[in-house]
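Input: structures, listed below.
Two complexes come next, and they have one chain in common, chain A, joined by chain B in the first and chain C in the second.
Let's turn to the complex of A and B:
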């Protein structure tokens, strides 16, 4: 058995595990379910780790690929499905597997009262979710990608609405499901159009066949439609409305997966589809893609940062910070160069550790106090200051990009790539990571230290986070050790990612392979030049990277301090500043918050408008 | 091939989306999602259509007979399965919402905003 044969296993292991758990959950009780889940999750992570070590450290020739079921191409044609294990794809799957492992450990003692009849449901759904994510990350077939996309979607809707007793999770899951499935069907329409043009379904094969025809309206429509589903999953403005609603209500372990890896897979998919399908002759010209997607990324990042600052519901705050970071990821990936791709991959990996840790710590607060409302928890969490509080602050600093966290290194790569294309983008990276990190630090200061004035009630549309159902019904119990250990390990992993020597070399090579159309086509069995020249390795930390990381951290700390202690300051300047801020908030921010109405009709209308705008933009720029 | 099937598919998608935007009932909205999805069936099947072609089952026709494209039929079948899963799950959630909240009107659900 060679390493290539491990590729199909990455889908098979979690699927088999999910089926086993769903079938045997009746008989083997809680403990058995936990052990079985842990076994399958560990096996999956181990397989992906072996694959990743193989692909990331240089397989000569090209990335490994496996034709499922032995349906290899016959005289250049195949009806089979190919799985391609390039470093970024396998890395994304590995990230999903590691987060699932963390979630399994975290929820070991989390749902102390699982549904009595079916203790296997939750872990089975988590493994199904994992199968969808890993399959989506490694598949080289566009229709197969749609199926995995829907598989991870369906598992995610069910997990979001897992606590069916409470109406809000059900509402969030319904919006999530309706909007995401509509986006997925748009993608399928695009896939149908591509099949009509080329008669192929493999990504590399479609890309190859598109070259026989000039770029016309059908190509543009297909590109926009395929992109729609992926951008909905990635929660890019104006397709982002479902995200905060779903994240605010999903059980905490599910939030860790949604925010940590699923949303980022949307950006990954968009970049993958562009490079393999549309980057060659007969595709979409690179300047058009770069211009439009970087614009979308900038708007998404700014909106995420502004809305994140406004939230008092802790999970919603973290959800909007995810939107802000996804905007940055989209900017990095849409630069369409190897360094941007490397920065995107590393930033996503670091962000997953920090964000999942923050959600996990929020889960501890929900467990202890039955609330995720920052205002309601004002000063109440002092008892947890030394454990949860410290980790929470560390998570906020990691989010802001403090060196040497992995987020900081990823940010410095992406920042450098973005800054050399358009210098103002550097400022965007600093501001957005500073504001989102600052919002987390502000919440930490208020909850764990009771610092500053008790925040007053503000008007306008908002979700408070009071009256949440605690996810664990055992008041007054001690915080289970795993619930502290898991976020600590996640943050340590984020730190290790930034400190490990040679990270720049590994990710630089991964990014170069990700944007190499020739390598992908060779892997998928098409004739072509094959191997590309090895890229110059990226330096691990540069002076500019460290300085910008420190700058965004200082911005985060400063913003948090001003927000907490500012309202108590006396003096004419402070009063004038407060008045100006209030006016700004009334005219700019309140209408923005009003747009997030949480109504299904509005979300779908925005989706339609977004598709129309993208169609217009790309047909003008083609 | 004429452009008509593409226009029909686009029209069905828009009708489904219009229904979702104006829906006052989540069961109706899930139905509209199914309508939007049926645009993909129309598109896929018409992409594989060939004039004078018959069903691609070779048990009772000669192997050189003119048949429609079997690949898109397999895709449409997979699509039906995916759609049935999603619709069933969403309808179950809507039912649960009616039980717990007493309403399935999206405008009456305002627990999440801002």
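Let's turn to the complex of A and C:
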């Protein structure tokens, strides 16, 4: 037995915790439930930290792996399930565990009215959600990945709709559940096709066995179908419609988990499946994958940024900023090179800290004012300027990629990798992070400083965010300390990630292992060349990286300033600029907003259109 | 999007998907071939593990980690139902009225209920030997209990199922599966490793860990299905007023 045999515990610990909560919640009451949840979340984070230290700093030979049930392969064949401890996989699980820990601390005594008969239900569901995410991140078996994917979905749907007193959460959760389930059925169909062709379920084993066949329509169909479920989870255009509707209505702690890590796991899964299953002979050619997925990423990033800028409902604003960033993550991962993968991993880690912190701060506003409407809160949050306001601005700057935040470093890796493939992609990273960060700063200026003119009512379809139910019903109470401390710690972690020495080395190695098919096959017990030469470590901060980070931050600050103080400017130029913006908004933005109708039928039609388009593209490009 | 545009978009997409999927299926290996790499290995492993039912060996031993995840999905669904279908402040509880049932229906229920329960127990209990197991038997057990709803009325069903006990049994069974896996780690082997004595092939106690995991799954599925249905039935039978998603 070695350290890596602790991998299955990352599923077992939260599961036992959830069972205990459901079993004893009635007797141990509220406080007991909170303590029990904290204990199990801490144990889980500790185990993953040990695993990550074991795997991230390098061991000779290939990445470690653990066969559940001891079904180690004989002559390269096994009937069991392998869990692979490569740094990116374990790191993703660790990220989920740390965020769950933050959420547990944040929601300490969060809900007033847990279900009377089972007060442990909410924390138990959070732990099951964690089990699903961690299992999905570390498994090396395609069907097993599907099972944990479904577990993470089931728990997430229930958590999203948790405030049943209001019909909106129930509708949001229903859309979330149905669209994601449809995606998951596609994935299962694809797994069925792959099993029929190869007779294998392990990702490395399927990839190996595909080498005996030509790339044909079956391979293409399987690839697209498996990818569909993952891209739906990742909210990539045109599969993204569920995300904003679910985020707008989910309880704040759940938003932190959805945006911070679950959505990103979709991109992680797509990249993982490509590298382990489809990157070799008999798979899908790399140029096709790179071309199509980078295109999807660009469209997703731009749409997320544009829609983010349009929102006045804070949770929807943050949700669309997540879509924008997911587009950037997809671009980074789809470059199919080690540096892109390293940038993807680091960017996701930094973004998780910043985005979860922003959602947590939004939760404070909801708690204090019963509203998440930026216009309605205009100047009303001045009392919280020095605590929540400052942190909110810091979060906005982190989102824009200000050095030395971890988001800035991740962005600089991804940007460099993308720019060396296609220079215009550098601009995409700067613009999207600048616009999303700017939208957050604009909201902060309006709510905490009452800066500029009171924004007027504009026409067109929009969700205001007025009349939300406060999640904690105790008006006039002081902000609980944990609700400020948790976002502060999250932002500090995001900062530490960018400042820690040697981050480039650790993530550079992680990225190289992530894209190494040989390493994964060796870990899964297949014969092969095994370990590859370690890549040259990435430099922590480069001049170009810092300069681009400052540029996107300047863009964010500039956009926020123009949006807040621009409408009051006089003079011919200002008037002309306003007229041009209004025309642009009418022709481009309004139709786009109209597409986000929130109707389930529309979401499903777009899902189908997306699958058909991907099938068409990959059939032509194979 | 208008209704028409949506339908057109969906139909066009569906046509493309159907065409590509149909062409892809033509590339599938034909029926009746001799190469089944996983099946050959699984049957061989089943024999080594002295488990008579290969499906149960795959479910509860060779790929037990999958089953752990699947069973946890059911557990999450149960907790989700508990959370989402809870009685809210604006819902009143009403006492369901007794319902008149044909005597023949009542007789049928009275005869079939114990038989169904017995069948369920048998299917769960012999999961390691013959077709069936925890999943199938669990569903049969839950079905049996609900015969009382068909053959009598809701009040009889409510007397038959002790809600608190079922909730706890469900959680206990889910936790037991995860905890059973720790035996392997404790013995210095892997998680969920079948380290118990394997016993004699085709005996009730054989296959090591398989019958225990199988039983835990049986309890989890039976109680889980009853609890989920109970929450849905409560919504229609007992709660009045308010109305979720109603008139706001």
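Heads up, the rule we're going with is that the second predicted complex is superposed on the first by the 618 of 622 C-alpha atoms of A that agree within 3 Å, B and C clash if a C-alpha of one lies under 4 Å from a C-alpha of the other, contacts with A are read in each partner's own complex, and residues count from 1 in each chain.
As a convention for this text, contacts are C-beta pairs under 8 Å (C-beta built on N, C-alpha and C of every residue); 3 or more make two chains touch, one makes a residue touch a chain.
Because the structure is predicted, anything quoted here is derived from the model rather than measured.
A.B. asks: State whether A:181 touches chain B only (first), chain C only (second), both chains, or neither.
C.D. replies: In the superposition, A:181 contacts chain B only.
A.B. asks: Scan A:249 for contacts with chain B and chain C and give back first, second, both or neither.
C.D. replies: In the superposition, A:249 contacts chain B only.
A.B. asks: In the superposed arrangement, does A:598 touch chain B (first), chain C (second), both or neither?
C.D. replies: It touches chain B, and chain C stays clear.
A.B. asks: Looking at A:165, would you say it contacts chain B, chain C, both, or neither? Reply first, second, both or neither.
C.D. replies: Both partners, chain B and chain C.
A.B. asks: Once the shared chain is lined up, is A:237 touching chain B (first), chain C (second), both, or neither of them?
C.D. replies: It touches nothing on chain B or chain C.
A.B. asks: Quick one: classify A:305 as touching chain B (first), chain C (second), both or neither.
C.D. replies: The answer is neither, since A:305 touches no partner chain.
A.B. asks: Quick check for you: in the superposed arrangement, does A:495 touch first (chain B), second (chain C), both or neither?
C.D. replies: After superposition on chain A, A:495 lies in contact with neither partner.
A.B. asks: If we overlay the two complexes on their shared chain A, which of chain B and chain C does A:201 touch? Say first, second, both or neither.
C.D. replies: In the superposition, A:201 touches chain B and chain C alike.
A.B. asks: Spot which of chain B and chain C makes contact with more residues of chain A, would you?
C.D. replies: Between chain B and chain C, the winner on chain A residue contacts is C.
A.B. asks: In the superposed arrangement, does A:193 touch chain B (first), chain C (second), both or neither?
C.D. replies: both
A.B. asks: Report, in rising order, the residues of chain A that make contact with chain B in one complex and with chain C in the other.
C.D. replies: Residues 79, 143, 147, 150, 154, 157-158, 161, 164-167, 170-171, 173, 189, 193, 195-196, 201, 597, 599, 601, 604-605, 608, which sit in both footprints.
A.B. asks: Tell me, which parts of chain C touch chain A in their complex?
C.D. replies: 1, 3, 6-7, 9-10, 12-14, 16-17, 20-21, 23-25, 27-29, 35-39, 41-42, 45, 58, 61-66, 68-70, 72-73, 75-77, 79-80, 82-90, 163-164, 167-168, 170-172, 174-176, 178-179, 181-182, 184-185, 188-194, 244-246, 248
A.B. asks: Can you tell me which positions in chain A touch chain B when the two form their complex?
C.D. replies: That would be residues 79, 143, 147, 150, 153-154, 157-158, 161, 164-168, 170-174, 177-178, 181-182, 185-186, 188-189, 192-193, 195-196, 201, 244-245, 248-249, 310-311, 460-463, 593-594, 596-601, 604-605, 607-608 of chain A.
A.B. asks: Okay, in this complex, where on chain A does chain C touch?
C.D. replies: 1, 5, 8-9, 11-12, 15-16, 18-23, 26, 66-71, 77-81, 115-118, 121-122, 124-125, 128, 131-132, 135, 141, 143-144, 147-148, 150-151, 154-155, 157-158, 161-162, 164-167, 170-171, 173, 189, 193, 195-197, 199-201, 216-218, 220-222, 595, 597, 599, 601-602, 604-606, 608-609, 611-612, 615-616, 619
A.B. asks: Touching chain A in the complex: which residues of chain B?
C.D. replies: 1, 6, 9, 13-14, 17, 20-23, 26, 29-30, 33, 36-37, 39-40, 43-44, 47, 71-72, 75, 78-79, 82, 85-86, 89-90, 93-94, 96-97, 100-101, 106-107, 109-114
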